[in-house]
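Chains: A, B, C, D and E, in written order; residue numbering restarts at 1 for each.
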Amino acid sequence: MFTKRRNSPGSPPATLSPHLVDGQVRKPAIQIIEYDGEHFEEREIHDMNELAAHLDNPFVTWINIDGLGDVEALKLLGEKFHLHPLALEDVLNTGQRPKIEIGPDYLFIVAQMVYQNREATICGEQISLFMGKNFLITVQEEGEYDVFEPVRGRIRGGRGTIRNLKEDYLTYALMDSIIDHFYPVLEEIGSKIEILEDELLERPSRTMVQTLHEYKRSLTQMRRFVWPLRDVVNSLLHESSGHITQSTQVYLRDCYDHTVQLMDLVETYKEITAGLMELYHSSVGLRTNEVMRVLTVITSIFIPLTFIVGIYGMNFAPATPDGKALPLNMPELYQPHGYIGLMAIMAVIAVVQLIVFRKMKWL
Amino acid sequence: MFTKRRNSPGSPPATLSPHLVDGQVRKPAIQIIEYDGEHFEEREIHDMNELAAHLDNPFVTWINIDGLGDVEALKLLGEKFHLHPLALEDVLNTGQRPKIEIGPDYLFIVAQMVYQNREATICGEQISLFMGKNFLITVQEEGEYDVFEPVRGRIRGGRGTIRNLKEDYLTYALMDSIIDHFYPVLEEIGSKIEILEDELLERPSRTMVQTLHEYKRSLTQMRRFVWPLRDVVNSLLHESSGHITQSTQVYLRDCYDHTVQLMDLVETYKEITAGLMELYHSSVGLRTNEVMRVLTVITSIFIPLTFIVGIYGMNFAPATPDGKALPLNMPELYQPHGYIGLMAIMAVIAVVQLIVFRKMKWL
Amino acid sequence: MFTKRRNSPGSPPATLSPHLVDGQVRKPAIQIIEYDGEHFEEREIHDMNELAAHLDNPFVTWINIDGLGDVEALKLLGEKFHLHPLALEDVLNTGQRPKIEIGPDYLFIVAQMVYQNREATICGEQISLFMGKNFLITVQEEGEYDVFEPVRGRIRGGRGTIRNLKEDYLTYALMDSIIDHFYPVLEEIGSKIEILEDELLERPSRTMVQTLHEYKRSLTQMRRFVWPLRDVVNSLLHESSGHITQSTQVYLRDCYDHTVQLMDLVETYKEITAGLMELYHSSVGLRTNEVMRVLTVITSIFIPLTFIVGIYGMNFAPATPDGKALPLNMPELYQPHGYIGLMAIMAVIAVVQLIVFRKMKWL
Amino acid sequence: MFTKRRNSPGSPPATLSPHLVDGQVRKPAIQIIEYDGEHFEEREIHDMNELAAHLDNPFVTWINIDGLGDVEALKLLGEKFHLHPLALEDVLNTGQRPKIEIGPDYLFIVAQMVYQNREATICGEQISLFMGKNFLITVQEEGEYDVFEPVRGRIRGGRGTIRNLKEDYLTYALMDSIIDHFYPVLEEIGSKIEILEDELLERPSRTMVQTLHEYKRSLTQMRRFVWPLRDVVNSLLHESSGHITQSTQVYLRDCYDHTVQLMDLVETYKEITAGLMELYHSSVGLRTNEVMRVLTVITSIFIPLTFIVGIYGMNFAPATPDGKALPLNMPELYQPHGYIGLMAIMAVIAVVQLIVFRKMKWL
Amino acid sequence: MFTKRRNSPGSPPATLSPHLVDGQVRKPAIQIIEYDGEHFEEREIHDMNELAAHLDNPFVTWINIDGLGDVEALKLLGEKFHLHPLALEDVLNTGQRPKIEIGPDYLFIVAQMVYQNREATICGEQISLFMGKNFLITVQEEGEYDVFEPVRGRIRGGRGTIRNLKEDYLTYALMDSIIDHFYPVLEEIGSKIEILEDELLERPSRTMVQTLHEYKRSLTQMRRFVWPLRDVVNSLLHESSGHITQSTQVYLRDCYDHTVQLMDLVETYKEITAGLMELYHSSVGLRTNEVMRVLTVITSIFIPLTFIVGIYGMNFAPATPDGKALPLNMPELYQPHGYIGLMAIMAVIAVVQLIVFRKMKWL
């Protein structure tokens, strides 16, 4: 997710290099949707020159390009719509920081969408939008998931106000869809963090830290995508060159609120993750302490006792080899109650130690 | 407390979806209070159409809706008061960041109140206010506790200046009540933290860290609610479109002071909580150190002694099986004072070790 | 020090509730000082109505109220000087964040003074000032220490320029005294921290961490008092409604410098305290490491030796009970130099281990 | 990389001191490139006086000086182009913070390029640019790598728009090359960090922490270079004294985007590095915990058993030396199933302990 | 270095109290330097009244006072040059935060110089400057080192432009010297930190942490001095009341660059120091882990073996005292290959354990 595509240092600006799949150029899928209140048309095209028929009509024309393999098509598109080569370079060099550039003829927006693929790993995909008079061009990386589908459904169905408004509302709807798709990913992380939180104190394990670390990374990355997104929406909101109509700005304000909430959520989760890491450290520290206490108690009780039984296992002889009695050598061994007495003494030692340890709250 | 309700990504803006209780729509309780200096009326209504009678009079009309289950009622209300559908969506999608929107006809405020329920867990509840000429609409989630009750009592009793002033003062009174209800929750946390602080050094336990972590989370969450609340009050204070009269602004300034103090308190408690976490770490670290010292001292004293008694437990024979004397094999065992002498030597070793450990300040 | 007095949530604004001592109202001590360049009068009054005689003269009248028990007196005072009820509420609800309110008739300042009581614990006390044309009213909590005494002495003695200037200079002098009284408390903390710093590495103990933690809390609290104090002085400095004369502003700038230095000092001490906490952690970690090393060295040397002597303590018999010789069972025991040889071997093992440990820098 | 060259304190401003190699002045390599759309000339010069021929023509003249040993040459250059002596001092005192100074006659830019040398250590090199009407002077430290080579190639080849534009575009191209050369270094660090991340949890070692620490240092250093670089490009972008033409500003905005992305990347890597350090700590803490658990389990099982076998190794005698039977002394030893019974008891003890430890999740 | 001199709280403003050496006032050394392009005079004076002769001439008069013991002399000086008493108080109350006050007649600057004394401890010394029309007064604390000496040398020698410019350039030259003297101290710290860095991983010791902590404190302190110094120079740079000529401002900008670089350096070193502290923690944690591993391996290998040999050291009898054979009691002891077999079994156990530990990467 962190990799930013780039041209080699020192190469001339606006150098366009295609994305290759297995070393080969793959044709992008190009889709055109044309609509106004009454009219609706949707078709796939295979050649940029087919576009010409769609340019000089009063409908909103949404051109969606899915795949970044065909540099020539992009160049053609750029010529037709007078897109700046540097903007096209940004389209191809994916992994860009979200940004907006407001030109006299069109707006250029780069955003990053986020989704979870089938293996539940979080993926990012760059989406570039060019919005001008009556047209909207979106270019996306090839990926498993398409955040624009619900919007397409709304246009097809003629639901909501979308069909009656112009390309600025469509831009809003797409941006809103991109932003809203961050929520499920964040909620997924949030619920997983909550599960981790419960397990963490019970039985800290290495995998948990690793998972936690990965979430932290994902959140770091999302923050990189969401913060500038807020600036993008804010710029759209205060845009004054006439690209955005007033009726759409009300909706953009709602969209802005969503990005602010998103940032809030990302920051909160980051804070919670950091707190969990600390909790984990505490938990491990305390467990080590407990293990040590058990070790110390057991060792402290049995080591002196083992020493004592060791004493009476010594072989000091009651007599020299030639039979002279040595009455001072371990006379205890020859007492009638020596064994029982010693056992009693050791029991007392052990009990006293247990009491002491209990007093010290080690047990 | 962290969950934000939301529509599915890509759905059209201003989609209203009701809150369901056990999968069923539950009718909200709707209450109307109408007052001016002399007049006071309070009643429950069950149908939005009953509202009509209350709209064209010079009294302040406060409509309070308790429960978010009835989307149709909300829509009707929206039509009657010309409320923006996006605002109504925010009313239903609870867990919003507090915010204010100042329109030409009305103010729209979203705030979060906080209280402790019967099980002493901290709960949040979203409260939305629409304030316009002579009316105030408040919508709250269904919950155990109602922060507006004291204000209602003041209106009923005709106490204070509340009956002589208009809906802007009522708005202030409600905001003030929402804000003031943060204090008892924070004070509760504060006093519990103080108790924790004393216990922490005495006997650190896992539950403490967990409690601490939960307080930290609650404080993080409250901060998310209080910081934007300050901005809301500040916007009200500097509002210039005539919704707020000058006499009320003096009170709003007081209210603003309260939010600043609240933030101050939240930040201070967060800092103290972080300090306690660190204290806890120190405490555990030091305890482990102490346990280790005891272990090391006991082991260091008894292990060498056990080795020594082990030596004299060896069976090196004083003579070969066929009777040849082996005078070099453990002659100590056959000394008259061998046993006593060894005991004395071991006592000296133990005492010397104790002195050394005392010098090293390990005892 | 953290407790902020407050009214119950939802109560009407400007509710005044008295401070009770053992459940009873205690009359505050009220003192009046009246002066100009020639004139000086100082007396205690017991009834607010005695004030009337002092209001219509050209002298500077300083009314100091010591104690917050008498709500009626405060209300009377409020009426005489047209003080806003919300300001009076702030006077009673102690623990306020320092602040300034500039009205057309008077300035209202809330500040917090700090001092160490006889038990060396750091105490805070709220001081409220109302400054208007020819009068200054100060209200303080009852406490052990009075920061205004040196200023009173200067007025009595006619020292400095204080007698020749008006109430704005007096306000400056009191603010300056409040601010300057932070220094001895901070210096005390500073010197205690320095002592701790030396002890910490020598012999870390639990009490030290506790002390450190308490200083940290005190510093956190002071910061809460000092930062807004700076804003208060700054507002005074740039006040443009004529309450402050130009000649006093030079002194206020000096006062402002002091608050900046104070903040600087508080932040520095906070940083040092944090550094010491870290030092403490390092120290404990290193000590644990040392203890472990000793344990490991002793265990590693003696455990193998104990094993060896254990071997030769085994009772493998040189012959079966029925007298058949078992020459392979522990023949070492019947060697003439078996014992001495074994002792030599064990000595070599121990020496080799010592050399290894020394190489590993564990000794 | 951290060392900043400086004159001795108190020396007069604009003191120029040459860089010496092995104590000797080394002549710098001076190269002139002259071009416009049609014309192109490239040559090395050895004497500053050869410059004269290149000054009064309409071509863009790019003078590149490689090496800082020749103070006299610099002074001559300074006189010819009216460069300020303080700027020349900055050229020689390498390790400067990147900055821009906009004068009436020329722009002065100091930047730092970064590259990895053959031993893969990250090197920094100061580059100074003077841009005026029709000329650009670049001065670089002598180093292994030259970031300007790709740009030179583009001029020679007449590729791109570079030949048709003036010295401001050349400045942009060089700045862009400097900035773009940060990327490969950062990507190298990034990929190495990723490798570390995998190893860290598997088998934490001292070298890893060291490596991590070095990356952190490098990133700290790069941040010091990149942050001000952004300000430099921003100043160029908003420069209004006519040095930069409008057509170049579009490219500079692209360049600005790159510095922002760079900063973003540096910050992200710093955060990841910090996260890894924490991961490392966790990993070590958990390993210690595991080691302790193994130790405790083994000790807890065998120490009591060893004590028990020690008991039955005691030599309490069944009879006094003079033959009196002592039936209470260790009668177990004379039971037919004593040995087998004891072994069974010990097996039970061990099994019970294993079950307990498994319950405590220590195994 | 942290101590700020101050008057007792509540004392009147502008109270001047002399610095005493061993309880006695010590006369300061007062030096006058008078110069313009041609003229140069340098002399010591002992009485402030000797000053009169130097005031009414067109030369730049630099009065340097070394020592803060003579309050009367300062007062006389203050009267002659109309210096504000509050400024004089700041001169005496050393340890001030650097600041600038721009009055109509003169500039007042307080700065802190830093140097290492003979014992290599870092010392701070306050320097106060008053600059007015044709005069510059500098007052410094008595100390081992004088940062002004190089500047004096340049005036004496007539080197550079210093003799031809006025008192504003002299002020610049002195400020520049103060600022430049921070560099050697920082470089010293930097090189010592680098040495520490190498040692830290090799063999962490308590003294290192202490040293590190001291550097951290010194850096904290320097930051306190450098940050406001930047503001001072910035104020000088943008000063508009005519005290600073335009020709000097070019040099001040250079001076400003130096303070920015200084701050940069201080912050970088602080960050590195924090990184080293963390490295130290890692290093200690890892060492503890290693020590534990060795302990655990040795214990785990020998404790079970010791238990086994303990078994065969038990005295279960082959026959009852009265001769009845007990064939189940430890028959192994009477096997021909019992001893050798047991030794072999123990060897296998040890080898298996070693293999397991190697697999677990503990060896």
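Quick notes on this one:
Keep in mind that, in the parts below, contacts are C-beta pairs under 8 Å (C-beta built on N, C-alpha and C of every residue); 3 or more make two chains touch, one makes a residue touch a chain.
Fair warning: this is a prediction, and the values are worked out from it, not measured in the lab.
Any chain bridging chain D and chain E, meaning touching each of them, is missing here; the list is empty.
Look at the contact of chain C with chain E and you find different residues on each copy: under half of the numbers used there are shared.
The geometric centre of chain A is 25 Å away from that of chain B, both derived from CA atoms.
Here the CA centre of chain B is 40 Å from the CA centre of chain D.
Listed for chain E are residues 281, 285, 288, 292, 295, 299, 303, 306, 310, 313-315, 330, each touching two or more other chains. Read round the ring from chain A, going to chain B first, the chain order is A, B, C, E, D.
Residues 147, 149-151, 153-154, 159-162, 173, 176-177, 180-181, 183-184, 190, 201, 250-251, 253-254, 257, 260-261, 264-265, 268, 271-272, 275, 278-279, 281-283, 285-286, 288-289, 292-293, 295-296, 299-300, 303-304, 306-307, 310-311, 313-317, 320-321, 326, 328-330, 361-362 of chain A touch chain B in their complex.
By the touch criterion stated above, chain C contacts chain B in their complex at residues 2, 4, 6-13, 84, 86, 89-90, 96-97, 99, 101, 203-206, 209-210, 213, 216-217, 220-221, 224, 277, 280-281, 284-285, 287-288, 291-292, 294-295, 298-299, 302-303, 305-306, 309-310, 312-315, 318-319, 325, 330, 332-340, 342-343.
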